[in-house]
Every structure is written in structure tokens, then in C-alpha cells.
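Lettered A, B, C, D and E in written order, each chain numbered from 1.
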């Protein structure tokens, strides 16, 4: 029953979505170049399966690397913002300003600054685009921590960092994981922006470009779906971590 | 003193950032086409100030419109996910998958589906890209609501929606506003993606393109900074709302 | 022997017209000249030019008209063109006969789809002036690159601006019959502009004059070989872009050769040189659509001193 | 008079990772309309669980809870509940916290009347002047008093109080006992009071139910016959009759805790 | 014996939007090493505030707090604190909650020893078998007992308890009083106990400090001379000596609440 729900429900949701998509395309009679339908995609996967595999791997590891850095850096920035009002007042506008700049326009700048460092560029972009939600959530978790909780450790003379590690972080883990879910998707976007805008022939982005060059619309859609699947995979990895570390937080909704 | 901190700190932070940027460019001797320096920008603003004003306005209203829809839709989706485990299990993977798809690649699809509906397209993209953090934060706020809080109203036979409105939403407002800050930046990116990828001659994106066509790098950087400024403005609007509605949540960090 | 490293920045993706360079790599033309050449794809001329200007790539491939603007905006940037490849630029208006567009004049009263950052669209005012078009009567619909051809295929616009070999083939792919297409090359309709050229970082060239000349020699030889055996060229390309459709890219290459590279002038004088009068006229035409911040000077944009002897640049 | 609250053979166990934890076992409680039932029992025996069952916040594994002659399946608007842990909504002032139930139960009541009602109750429990404070600015005992106001602000028929005076000093507590009696005279309600103060149970209760240790059963029911002329007075607690009742209860609780009842040292 | 805890002329006011709220006004308290100071006073008078000042969680506006002959400027590792609101960390089991202070104060203590210590204390307060439960699976009184374990697990020199038995029934409470005495004999500590149960203050305290209403001053200090042969026994509470002390305290509290002290009805 529980397993059925855990696996069955997402699978059913995805199938319903695919069915709906197929139906929409069919009903509107959209040609491939407007929107390919799910039934067009298996062809693309069969023809290029090895490219999909290598591309996915290349995209995935860069994304995960960027995300990993984002988690560490985001947590640090969030801590600084959470503990100090001044840091919060000063950093927030800068971070928001930076994040409001479309990253697509920054890719060429990065590519010129670190010419040829494709891996570095890609990981950097995945990091830059995905650390903000984490920083925000950690910062908020800290600045809204109820004094009752903080005082448990403060009364023992614990350092701010200890309070963060033992109380604030665990207490905000649910929100932290929520931010991580957002960041996962952003990191993928970052990786792909670089792969598409400053192409270096690697990853799913390269496959997308090649589909574009050839006006192979089903291939392009197939790449997008592959990206979505990678995103979902990484999401389940996050969920697994969440179950382990923040399972306590979910409350029955009687 | 308080005013000094509220205004002085952000201003100082921004000045320090600009100074650092100017210094970096100067020390590395980067030419404009690698990275323009802040001192190059006033020229661009002076020359094109009216374009900046109209462009900013066009970008801003579309962004705010998209964001407004994102808030409403995100809250609704978040409510559904927060109240029902099944909805959560089914919707999350779909949403994550959708969000892992780079929106840049979706712009052409939208543009073809709704040909010529530039305003609609732009607002739609701003909405699509920015609703996820809100949905996630509302969903988490609901699913981790402590039963003690919920029971205050449940014991009176209040409906789920009432509990959401009177307890869950206010209680998660801090996280909600955090998500909103992330969404603000994303909405800007959405608007600009459309303005740049599927140009319709409106908004700051159009100005950026025109800088690009003419290799006017300072203009391009000036547009990016203008975007950042718009983002910061909207951020302060969010902060103002936050002060009003969630000011109680901030706890002194003794 | 110590090879000179010369990374080469293309302006665009690995498509048919890039095949000659890969052929040159694969048949050892560069390594024979003591050069180690790695080819990178790009996102348009505006991406390739700064790459060369910063010196990250000593050589690149970019539109000379974009280069003019770049040099005007960034005076003193160490970059210049040294070998013209597209003697005729691929700037074109592609229309559909079934929608009433066959000649330039037919555009009046129709809807023209144009991506604002498009290179061809940038030159459209020259084209319009040379052909006496009344811009008032043309409805210009801004479109995005990815939607340009689909919109023409859907009949939402009657014509689009674009590169001849890109737009035409994309349209064929979208199922528009070839004989319904009318490709109006701007170069055939009064526009004197040149097209893409090999560009070089001038600091690099000054120090490695011999290597640069050797590079250009190999480029010419690459084109020559590709013209003789397009299949081999495409094979070299497919290796780098595995998902590419060989037939399509071959057609694209052939169009580039026929329309843009192997012009009468090139057949006569060899690949790479320019005609000073035409260049002057091109600058003059550019000045009608672009406001130079300083006096334009042809010498800044093109330097023929690295070109190898004419006979080694003959394509036939 | 009919029994307004009837708990019939209620059995409940919490599901825990290492098997079910039986908490209530065939509990029987009946409270006639307008009466006050005090419930005492050892810590952790299931008293708070009982309040949640009466309020309809949980369903018992077996057995039935009846209110007003109707089987309780879900919470009712006519119930007021003071939780053991007096959670206040930090984003509302004390006054707004107290008003909250009115917003749900009497949405059409004019704002002015709501405020008047809440202010009246706050003054009654000694919190006049603290209406506009945030919950975090109140002491533990003050929060508990505010929580009591929140439970009765909408004049519920049934009032369930889970150790409502636990954090109060003896005198404030005695004042509030008095206040409860006065309120009951003015706005009749039927009440269930969980407490661990035996004097409180005798002073406020018409019946005192002693629960056994976990799993709790109704171990003993004491019918309170309060000494005096009808109105209950504090002095009554120091009469021999009251002392006898208290002694009985002590003994019963000692049994409930599984000890040999010692000599009633009082 | 030197005074381990010394509170000298402590005055404190909370800043609130409508001006400062004076809470403590020149408070004087001194507790010799190894002794037990009970503090009683009306609800909201400033007792919890006092505990926060002693623990160094807040600084007084005026006056000084000395611990161990050193001025308190920030919290110390040798203090144990049981808060009035026994907040437990929901992501930890009860056992892990109790161990928490050891992780801070004795990071090098072997895991096994920590667990043994925590288990021993939990058994002492009657929570054996609940080690692996989540806080939300405990009743209010059980949480309070676990919180007490958390306060003493690291053998603090100074133990501050803010109504630690408030949610417990009479017998569990009396058991824990006994436990406190035993603990004190085994692991000597100096304690401040906030309570509103006068019997508790007399049974546990060596001195009882009665605070006046807000702003609180030290209104009265009772030196407890507990009847009996040294070991305190519950029976002692029912002796005339104890009754006299209780009567005095009742009277003082009544004064603290600003009432005319009534006849000592007991």
C-alpha cells in the first residue's frame, strides 16, 4: 500500500501528463516544429541512445558538482545573513540584483573570462544560478529561529556555530530541502545554459543544439524530456536525503 | 541610527561592490568587450535614458503581472501539495521535471503556440519560471505545520481552507516571503528571456539586443545593471510587504 | 617539431559550411604547415570577435560588417580581417511564392518576419534603399530565431530575413516545397557588403606572420578540397556533430559554395582578397544604417598582407 | 437531566514504530448538562488524549463519544478547548489571539463586539492592559490565562480544559477558580477539567474521575458534595468533608500509580 | 561558605513598543554553595526573567549577577537550566534530547557513557522505556520530566529550574522532590527553583524568596528550618512548623499580589 503510493502515484501522474500532452498535440494538430508529441520521442532515443547516455552523464556530474558547491556556499552565505542584520541588509540587495540578471547573458562574459575552461565554466554557472534559494532559506531559518530553541544551547555557552549546527540547521531542514529542490532545477538550467550558449560539444545541451541545427524537433523535445528525467532523478536523491534527515518534520494532516 | 542602518548599509554594500568591480576591471585591464566597468555605464544611461525608462517600465509591468499570477497559482498548487500526500507524491516529480527544463528552450515553443501574443507570452513565461519556489514553500509550510497550531482551529470545526488562511499561511509567511524573493529574480529572468529570445522590440531585453547588434558593450552591461536595479526595487517592495505582514517573525539574535 | 597552437573560433555551430575547415584538419593541411588547430563552435559573430580580440583565439571566423561595428565601438581592439571567405554575404530575404513574394518589390504590403539581432535584418535598410522599397508599406514583425522559419512555414509572415543557406534549408525541413521558396540574396540586389572573413588577433599575427599565412593557405586548400569532394568534407563534419543529417549539411555546404564562396570574382582572383572600391562602397552603405562614432577606415577592417600568393588561393 | 457528554467504552492506542501503545482502555465518563467533570490521573496516563477524543480531534479505536446526544465524528463549533500547551499565534496580539475563535464561529459578529468580549475576558483573568502585546512578551502563566480566554470567548456549550491553571501561583489560581464559578453562573456550560491539583478538582468539579495508570480506565468516580450553602467558597476546602474527599482521591491516585496506598497523611 | 549565586540590586525592564515595562526592581538574592533557593511570586512578576539573568542569557539594565565569584556576562557551561516551557527538539529522540548538553559541554565523553548517563536519569524520572520516542509522542508531564533530565545531565554546578514540576500530578511530583534530594546528595549543586507550589518551596528550599508583584523586589526571605532529623521527609510538611512556614508564605504572597492578607485558613 505504502509502496504502491510511493511509486505508483508519481508514475501514474507522469503517464497522465504524457497522455494529456499527446492528446493536446493530436487535437490541435500541431506540427513537430511547434510541439512534438511523446510518441515521436522513442525514435529519437533509439537512434541516439548512446549520445543520450554520455550526454546525460556529462550534464549530470557538472550539475551535481555545481549544486554541491552551491549547498556549501549557500549555507555559509545564509549563515552570515541569518546571524547578522547588517550582513542581511547589505547582502540581500546585492544578491537579488545579481540574481535578477538573466544568467544567459552572463554566460558569454564567463566564457571570455575563463576561456576554454569548459568544465569550470559549467560548474560555476550551475553554482551561481542555484545557490540563492539555499542562502535565502538558511538565512530565514536562522533569523526566525524561536528564542526558546536557541536558548537551550545558548544557556550552555555554546557558540553561534554550534547553535546553528545543532538547532537552527536541523530545525530548518524541511525548508532547506525545499530550497534544495528548487536549486536542483536551477542547477540543471545553469549547466544547460552553458552547454547551449557557449557550446563545448558536451552534455545534453550539445545534443539539443545538434537537434536544432538539423531542425530535428523530436530530438530537441527528447533532450528536454531527458533533462526533465535527470531533474526528477536528482529530485528523488534529494527526497531520499530528506526522508533520512528531515522525516520527523512531516506532520499528519488529520 | 535605525534609518542609517536601513539605508546606509545597502547603499554602502552596493558602493563597495561597484568599487570592487571597477578595481577588478582596472587591475586586469579588461577591455569593454570582456567586461565593461561601472565608470563606462553613466554614458550609456545618459545617451539612452528615455529608452531605459520606457524599457524598464515595459519589463517591470510584465514581470509584476507574471509574479502576481505566480503568487496566486503557486499558493494554490502549494496548498494542494501541502494538504494531500498523494498530490504531493504525484505533482512534485512533474513540477521538478518541468522546472529542470531550461526555460530558454521553451520560449520558442511558446512563441509558436501563441504567435504574436507578446504580452501574453512574456507574462506567461515570467509566471512559469517563478511559481515553483512559491508552491514549494507553501507546500512545505503546510505539511510541516505543527499539530498544536492546527488543532487550535480544528477543534472549532474550521475548514482546511480556514486553517490555511488563519494559521498555516501566516505561520509560513517568513518562508513564503523568502520564496517570493527568489521568485522575483526568476520572474525578471523569465521576462527577459522572452524579450531576448523571442524579441518583440519591447523592454530592457530589446535594449540589450540593440547593444549586442552594435557591439556596444557598455550598453549591454548598463542594461544588465538596470535589470539588477529593477530586481532590487521589486525586492524592496517585497521587503516592505514582509515588514507589514511578517515582521513578528524576526527574532533578536542576542 | 614544435607546432604552433592556433585555436580557431567559428561564428556558428558545426554546420555544412564549416566542413571545409574540418576537412583541412583531417587531411593534415594544418599540421603539415606546423599548426595545431582546434575548432570551437560559436554563437554568432558577436561571440567570435571578442574571443579573437582578447587573444584567447588567435584566429576566428566572423562577419566583417559586425567587425566594423566592433572596431568602431572598441577602437584599438587588436583584431582585423585577413581573408574574405564569403565574397557574397549570405544575407537574404526568403519569401514564399505562394504568399506572393518573388522579388524585392513584392515585399511591399506584406508581413516580413525579422529577428532584431539578425545580421541580415541589420542590412535590410540598405537593401530597401537600393531597391526603392517603401518601408511604410512593409509590416515588420519581430520574431525570435527559433520561430522565424516556423512562422514562415505557417504562413504567419510572407518572408523572413536570414542567411540564405540557413533559412532555406530549415524551411525545406519544415516541409515547405523548394519551388515555393524565393531566395532573394541581398548581394544580388544592390547590397555591396562583404560577408564572413577569417579574422586574426593582430598582436598574434605580428609575431607569427608565417604561421598566419600558413593557416590561410590551409584554409584555401580546405575549401578547394571541399569543392572537389563535398562528401569527404561532410564526413569530417559528421564526426564532430554526430546527430547531424549528412544530406542536409551537404546541401547547405553546396549552397554556401555556389552562392557565397565561389563567385565570379573569386573564380578569377582566388579566395580571400577584396576589391577596394567595393569595400569603400560597402562602408558607405553601412554608414547609412549605422552611425560611426569615428571616421571609418577600410584599412582597419581588412589587412591583406597575410594572404598567400594568389595561385595557392585558386579554388579551381 | 440528560448526559451532555458521554464517553462509552473508549479504547485507544497510539501507533508507534515499535508497536501500538495502548493509552485508554474502556473508559466510561458521563457528564450531565451544566455540570463540571474533573479528571485526575497520573502523568502520561492519557488525560490529554481523552480531551482530544472529546473534541473530535481524534477518533477512538473502539467505543464512542457522544456530545449533545450526537456521536462525535469531527470537531464541533460549540466546543471550547484550552490546550495543555497554550500555543499562541505569534503574529497576532493577545487580543487578536483571543478573538480568533469568534472569527470562525461567529463570522458575522461585529468587530466592536468581538473586541469588547475579548477585553472583558482578558480583564477577568488579570490581563487587562496586555491586549496589544505579542505572546512572546507574556510570561508563561499569562499565556496560559490568555489561552483560557480563547477557549471561552465564543461561549461554547462544552468547555474542555487541559490543566488550565498549571502555570499559576496559588492565589491567581484560586481567583480563577472563583472566576470559573461566576462564569458558569452567567453563561452555563458543561465542562471537562483535566487537572493534577486535587483541591482544584474538588473545588471546581461536580464529579471527579480518577483515571488509572496507562492504559487508563475509569478507576474511581467521586461525587463531590461540597460543604457549605450552595455557593462554593475556598474556606470549604478546609472543612473535614473536603479533607475526606481529598484523602480519598489521594488514595485512589496512589492506587492508580500502582503503589500500595499509604496512610492518608493529612 | 561563600555565596555561589549573588544577585545584587538587579533592575530590568523590557523594551516594548509602548515604552519600557519594568520587571525587576533592585532584586537581592544570595545562595550559598550547595544550597537550594526557592523563588515564589505572583504570575508575571518576573521569575522567568530572573532565571534568564542568572543564566547569562540576558544582561540586567542595572545591578550585577555573580556566579562562583565571577560577574556573569554571558552563559556558562557549568549551568543547567530547565525552562518553564520544556521545548524539546522534535528531530531528536528523547534520549538524544537529553544527551544534547553533553555534546556541547563534554564533547570528548564516550558515546556509551553519555547514553548510560541519560538512560539513568530518564529511569529516575519514570521515563524508562521512552528513550527512543519522539517528543511529540510524550505527554506534557513526560516532556517536562525529560526537560529536567536535560538540565542535569551534564552535572552542572548551578541548576536553574523554572517550574519544573508544574505539569505533574501530586505523586509524581513528590517522587521527583525526593529524587532531587537524592541527586543533591550524590552530585552536589546549587539550585534556584522557581515554583508556585508553596509546599514544594518549603520541602526543597533552604531559603524561600518571595518576590513582590511586577516590578519584582525581594519582598520576603524565609529561612527554612525543616522539621525532622536532617533528611527531609514528606511527613514533615504536615507538622506544625511546616504549617507555620506555609502560612507565612501564603500571607507574603497575598501581600505581593497587593491584597490585604486574609486570615491564614489552614
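As a convention for this text, a contact is a pair of C-beta atoms (placed from the backbone, for glycine too) under 8 Å apart; a residue touches a chain by one contact, two chains touch by 3 or more.
Which protein is which chain? UniProt says A, B = NitT/TauT family transport system permease protein; D, E = NitT/TauT family transport system ATP-binding protein.
Just so you know, these numbers come straight off a predicted model, no measurement behind them.
Colleague: Give the chains in contact with both chain B and chain C, ordered by label.
Modeller: Both-contact set = A.
Colleague: What chain pair has the highest count of contacting C-beta pairs?
Modeller: After counting contacts between each pair of chains, the winner is A-B.
Colleague: Measure off the straight-line distance from the CA centroid of chain A to the CA centroid of chain C, and report it in whole Å.
Modeller: 38
Colleague: Just give me the whole-number Å value for how far the CA centre of chain A lies from that of chain B.
Modeller: About 16 Å, centre to centre.
Colleague: Please work out the Cα centroid separation of chain D and chain E, and write it as a whole number of Å.
Modeller: Spacing between the chain centres: roughly 27 Å.
Colleague: If you average the CA atoms of chain C and of chain D, how many Å lie between those two points?
Modeller: 86
Colleague: Identify all positions of chain D at which a residue touches two or more other chains, and write them in rising order.
Modeller: 57, 85
Colleague: Please list all residues of chain B that touch 2 or more other chains.
Modeller: 33-34, 112, 146-147, 154, 249, 254
Colleague: Name the residues of chain C that each touch 2 or more other chains.
Modeller: Residue numbers touching two or more other chains: 50, 54, 146, 150.
Colleague: With touch defined as at the start, can you tell me which chain B residues reach chain A in the complex?
Modeller: Against chain A, chain B makes touches at 5-6, 9-10, 12-14, 17, 33-35, 82-86, 89-94, 96-106, 109, 112-113, 132-133, 136-137, 139-140, 142-147, 150, 154, 174-175, 177-179, 181-182, 184-186, 188-189, 192-193, 196, 208, 220, 224, 227-232, 234-236, 239, 249-254.
Colleague: Touching chain C in the complex: which residues of chain A?
Modeller: Going through chain A, the ones touching chain C are 31, 33-34, 48, 51, 108, 112, 115-116, 197-201, 207, 209-216, 219.
Colleague: How about chain D: which of its residues touch chain B in the complex?
Modeller: Going by the criterion above, the answer is residues 52, 55-57, 74-77, 79, 81, 83, 85, 87, 89-92, 100-101, 103-105, 134, 150, 154.
Colleague: Quick check on the complex: what are the chain B residues that touch chain D?
Modeller: 146, 148-149, 151-158, 162, 166-167, 170-171, 173, 246, 248-249
Colleague: Under the stated contact criterion, what part of chain C meets chain B in this complex?
Modeller: Touch list, chain C to chain B: 46, 49-50, 53-54, 66, 69-70, 72-74, 77, 115-117, 122, 141-147, 150-151, 154, 156, 290.
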